[in-house]
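Next up is a structure, given as C-alpha cells.
Labels run A, B and C following the written order; every chain starts at residue 1.
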Amino acid sequence: MNTKNLIMEVKDFDFTYAGVDDPSLKQINLPIEKNKITAMIGPSGCGKSTLLRAMNRIHDLYPGNKYGGEINLYRENGEKENILNLKKENDLIRLRQDVGMIFQKPTPFPMSIYDNVAYGMKLAGVKNKSELEGRVEKALKDAAIWKETKDRLNSSALGLSGGQQQRLCIARAVALKPDVMLFDEPTSALDPISTGAIEELLAELKKDVSVVIVTHNMQQASRLSDYTAFMYLGDLIEYDTTDTIFMNPNVKLTEDYITGRFG
Amino acid sequence: MGGKLFKNFSFFSATLSFFILIGIFSILFTYAQDSIREFGFDFLGSEIWEADEDDEEIGIFGGYIPVIGTMLSTLIAMVIATPLAMGIAIFLTEIAHKTLVKPVSIAIELLAAIPSIIYGMWGLFYFAPIVQSTFGGQGVGLLTAGIVLAIMIIPFMAAITRDAMNTVPDVLKESAYAMGATKFEVIKDVIMPYSKGGIIGSIILALGRALGETMAVAFLIGSVMAIPSSITDPTTSIPVLLANNFSEAQGLEMSSMYYLALILFVVSFAIISVAKFYFLGKKVK
Amino acid sequence: MNRLLLNKIILVLSTLSAIIGIGFLFWILITLSYKGISALHLSTFTNDLVEGGIRNLLVGQFTMALMASAIAVPIGMFAGIWLREYSNNSKLASVIRNLSDIMMSAPSIVIGVFVFALFVAPFGSYNGFAGIIALTIMMIPIIISTTDNMLSLVPKELREAGIALGGSKHKIIMQIVVKAAKVGITTGVLLSFARIIGETAPLLFTSANNQFFTMDLTGQFPSLTVSIYNLATYPDEASRELAWAASFVLTAIVLLINLTGRYMTRNKK
C-alpha cells in the first residue's frame, strides 16, 4: 500500500490489559488514510474502542497495560514516529495535542464555553488574547456551534444541551489543530437530530483532519466513512473501502455481521 | 394493629432528634439567662474572668479569652490540615496505584477512629516536647494544640474530599488528558471545580469539628486564662474551660459557662448548616 | 518545561501528605504500644482503679456504652425506617434528616453540659444514668444516618415483590427490607459503638468517675476515658504508667471494633 496518503499505520499491534494474561488485541494491521474517515465496527467487546484508545495512548492513564508492535504517526515532512516508543510525559502531551479524542458522552469541563475551547490552547502555551479569541471563534464555527454560543461564551458549558455539548467538545479538540481525531461512539448518547448534526460536521471536518470513528451503528459507518475495519474478538477480520465492506465483503464473518446474523 | 404502632413509634423516634436539639438550645439559653442579662454581648469583648472575693455567686465574667483561644487554635489547625488533607485526597484518587489505595484509606480512617483523648495524651508526652525544642515556649500552648488538632481533623477532611473527588466521571478526566493536560492540570481545572462543593463542605465540617474538640485540646492548650502574646503561649478554649471548670462553678460563673456553651453550640450549628445546605447537598453521610 | 515541573512538584507534595498522615498513625500507635504494653500487667485487669488497675473502669465504660447502644440502636433504627419507608420524602423528613446530621456534629462537651443541667444538677450528684443518656444522644444521629443510608440501597423491587405477595408494610420492612440491609446496619452500629466507647467529654460531668467497682447507676460511675484524663495529669510515675496502659487498651478495643465493622462490609464499596 502506498504510504504517502497515510496519516497513521497500525502494524502487528498487540494490546494486553493490566492483570490479564491474554491479549485483547492480536496482531492488528490497519492503515489510517489521510483526510478520510475510517470507521471501526464490530460487536461489543471486539476491541474497537481498545484500539482507538491506543492511538493517543490514553490507556497509559491506567498503569500496567502492555503494548506490542507499532503504531506509526506520519508527520507532515514524511517522517514517521512510532507512538508506542514515546516515554516522556512531554512527548505524550504533544501526541495528545496532535491526536484529539471525542468520547461517548459529552464531557464539557466545569467552566465557561469560551474557557472550554481555549483550554487546550492555553495548556499548549498560547497566551496571546486576540489569538485565543480568534481561534476559539474559528473552532466554534468549524464545529457548527458558533451561532448557538456566540452570545453566551462566558456562561457555563454545562447549560448546553447534550448535542451542543458534544459539538463543543469537538470544537475544543479542533481548536488544537490536530492531525487525527478519534471518535469513540460520539453519537450513542444523543438524539437523532443531534446525531445528524454531528455526522454532517464529521463530513466537513475531514477536509482538515483525518478521522477514526468507532461506532456500533452500522448505518452510521456506511453513511459516513470512506474505509471500514471490521473487528471481532480482538482480531481485525477485514479492512477495505466502506463500499466493499458493506456491498461485497471478502470474509463470511463480515457478511454475517453486516447482515445482522449476529452481534 | 401492629402496623400502626410500628409506624407511630418510628415517627416518634424520628422526631426525637428534633426535640433534643430544641431541648439543648432551650436549656442552655435558660441557664445562661443570668449571664446574658448581666453582660449582654459585651461578654464577648471582656477578658476578665473573676469571681467576687466575698461572694462566690457573683463576679465579672467575660468570654473573650476562651473565644479567642478557640478561634486561634482552630485557625492554626485549619491552615495546617487543609493542604495536607487535599494532598492525601489527591494521592488516593489520582496518584496511588490501586493496590495502595485500600491500605492507605484504611490507615487514614483508623487515624480518624482513634479517640481524641489518645491524641491529647500522645501530644502531651511526645509532641509537646518537640514543639518546645523547635519553636520555644513551654511545650503546651496554642501551637501544640493547633497542630495536634490538625492531625485529628486531617483524616476526616481527607475522607470527605476523596469521596467528592471520586464522583468525577473517568471520561471527563480522560478528555482533559486527551487534550494534553498534565495530571496537576486535570486536578486543578477539572477535578477541583467539579467537586468543589464537596471539598468546601469538608473543610467547613472539619472546622466545626475543630471548634468543638475538647479532650485533645484540653491536654495541650495549657488551660490558662490569659491572652496569648505569641503562638507558643498557653491559653484556653471554650470546650477546655468547660471541661475543667464547669462542674465546680456556681452562680453567675456557672451561668457564664452555660453562655459559653450556648455560643459554641450556636456557632457550630450555623457552621454545619452552611456546610450542609450550601455545599454538600443531601448526599453527605 | 515549566508545567511539567509544577506537575511533578504537586504530585510529590501529595504523596508526601499521605506519607505524613500514615507516619502520624504509626508514630501514635507505636509509642502507644511501647508505653502501654510495658505498663500492662495481669493485675491491671484484675484490680480496680483504687488498687492501680482498670477492671472497674473497663466494666463501667462498657456498661455505659452498651446501655446507651441498647437505647440508641432501636430508636435510631426506627427513626431511619420512618425516614426511608414512611415519610414519602416529605419536607418534614428532610428537616429531620438535616437536624439529625447537624446533631451528629454537635460538640460533645455541649451535650455533656445539657445532660448535666437536666440529669445531674436536679439530683445533686453525678450518676451513671446521666452518662448513659449523654452517650445515647451522641449515638442516635449516627444510627439514624446509617439506617437511612443502608435502607436506601435496598432495591425498590424487593419491597414491591413483598407487597405483591400480600405482606403488610411493617412486616415487609422488618422481614425483608431491614434484613437485606442487615450487614450495612450492623457495621454502622459497630462503628458508632467504637466511637462512643472512646468518648470522654460527655462523661466528664455526667457520670464523672469512680475509683471503686460499682454497678450502681445512680451514683458516680467508673469510666476508663475520664480516668485516663485524670491519671495523665497526676505527677507521679505510677499514675502515668496506668494512663498509658489504659490508653493502649482503649485504643486496641476501638480499633478492633472498627476493623471488625469494616471487615464485615469488605466486599461492598
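In this section, a contact is a pair of C-beta atoms (placed from the backbone, for glycine too) under 8 Å apart; a residue touches a chain by one contact, two chains touch by 3 or more.
Since the model is a prediction, treat every value here as computed from it, not as a measurement.
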Outermost chain relative to chain B, judged by CA means, is A
Chain occupying the most central position, where position means C-alpha average:
B
Approximate Å spacing (C-alpha centroids) for the pair chain B, chain C:
17
Rounded to the nearest whole Å, what is the centre-to-centre distance of chain A and chain B, using the mean of the C-alpha atoms as each centre?
49
Centre to centre, by mean C-alpha position, how many angstrom separate chain A and chain C?
53
Of all residues in chain C, which are in touch with two or more distinct other chains?
3-4, 7
Flagged in chain A as touching 2+ other chains are 89, 123
Listing for chain B: what residues touch at least two other chains?
182, 185
Quick one: in the complex, what on chain C touches chain B?
3-4, 6-7, 10-11, 13-18, 20-22, 24-25, 27-28, 31-32, 35, 74-79, 81-83, 85-87, 93-103, 105-114, 116-118, 137, 140-141, 144-145, 149, 168-171, 173-174, 191, 194-195, 198-201, 204-205, 208, 225, 228-229, 232-233, 243-244, 247, 250-251, 254-255, 258-259, 262
Along chain B, where are the residues that touch chain C in the complex?
2-3, 6-7, 9-18, 20-21, 23-24, 27-28, 31, 83-88, 90-92, 94-96, 104, 106-111, 113-122, 124-126, 151, 154-155, 158, 182-185, 187, 205, 208-209, 211-215, 218-219, 239, 242-243, 246-247, 257-258, 261, 264-265, 268-269, 272-273, 276-277, 282, 284-285
If you look only at chain B, which of its residues touch chain A in the complex?
97, 169, 171-182, 185, 189-190, 193-194
Chain A to chain B touching residues, read off their complex
56, 58, 61, 63, 89, 93-94, 96-97, 100-105, 107, 109-111, 119-120, 123-124, 169, 172-173, 176
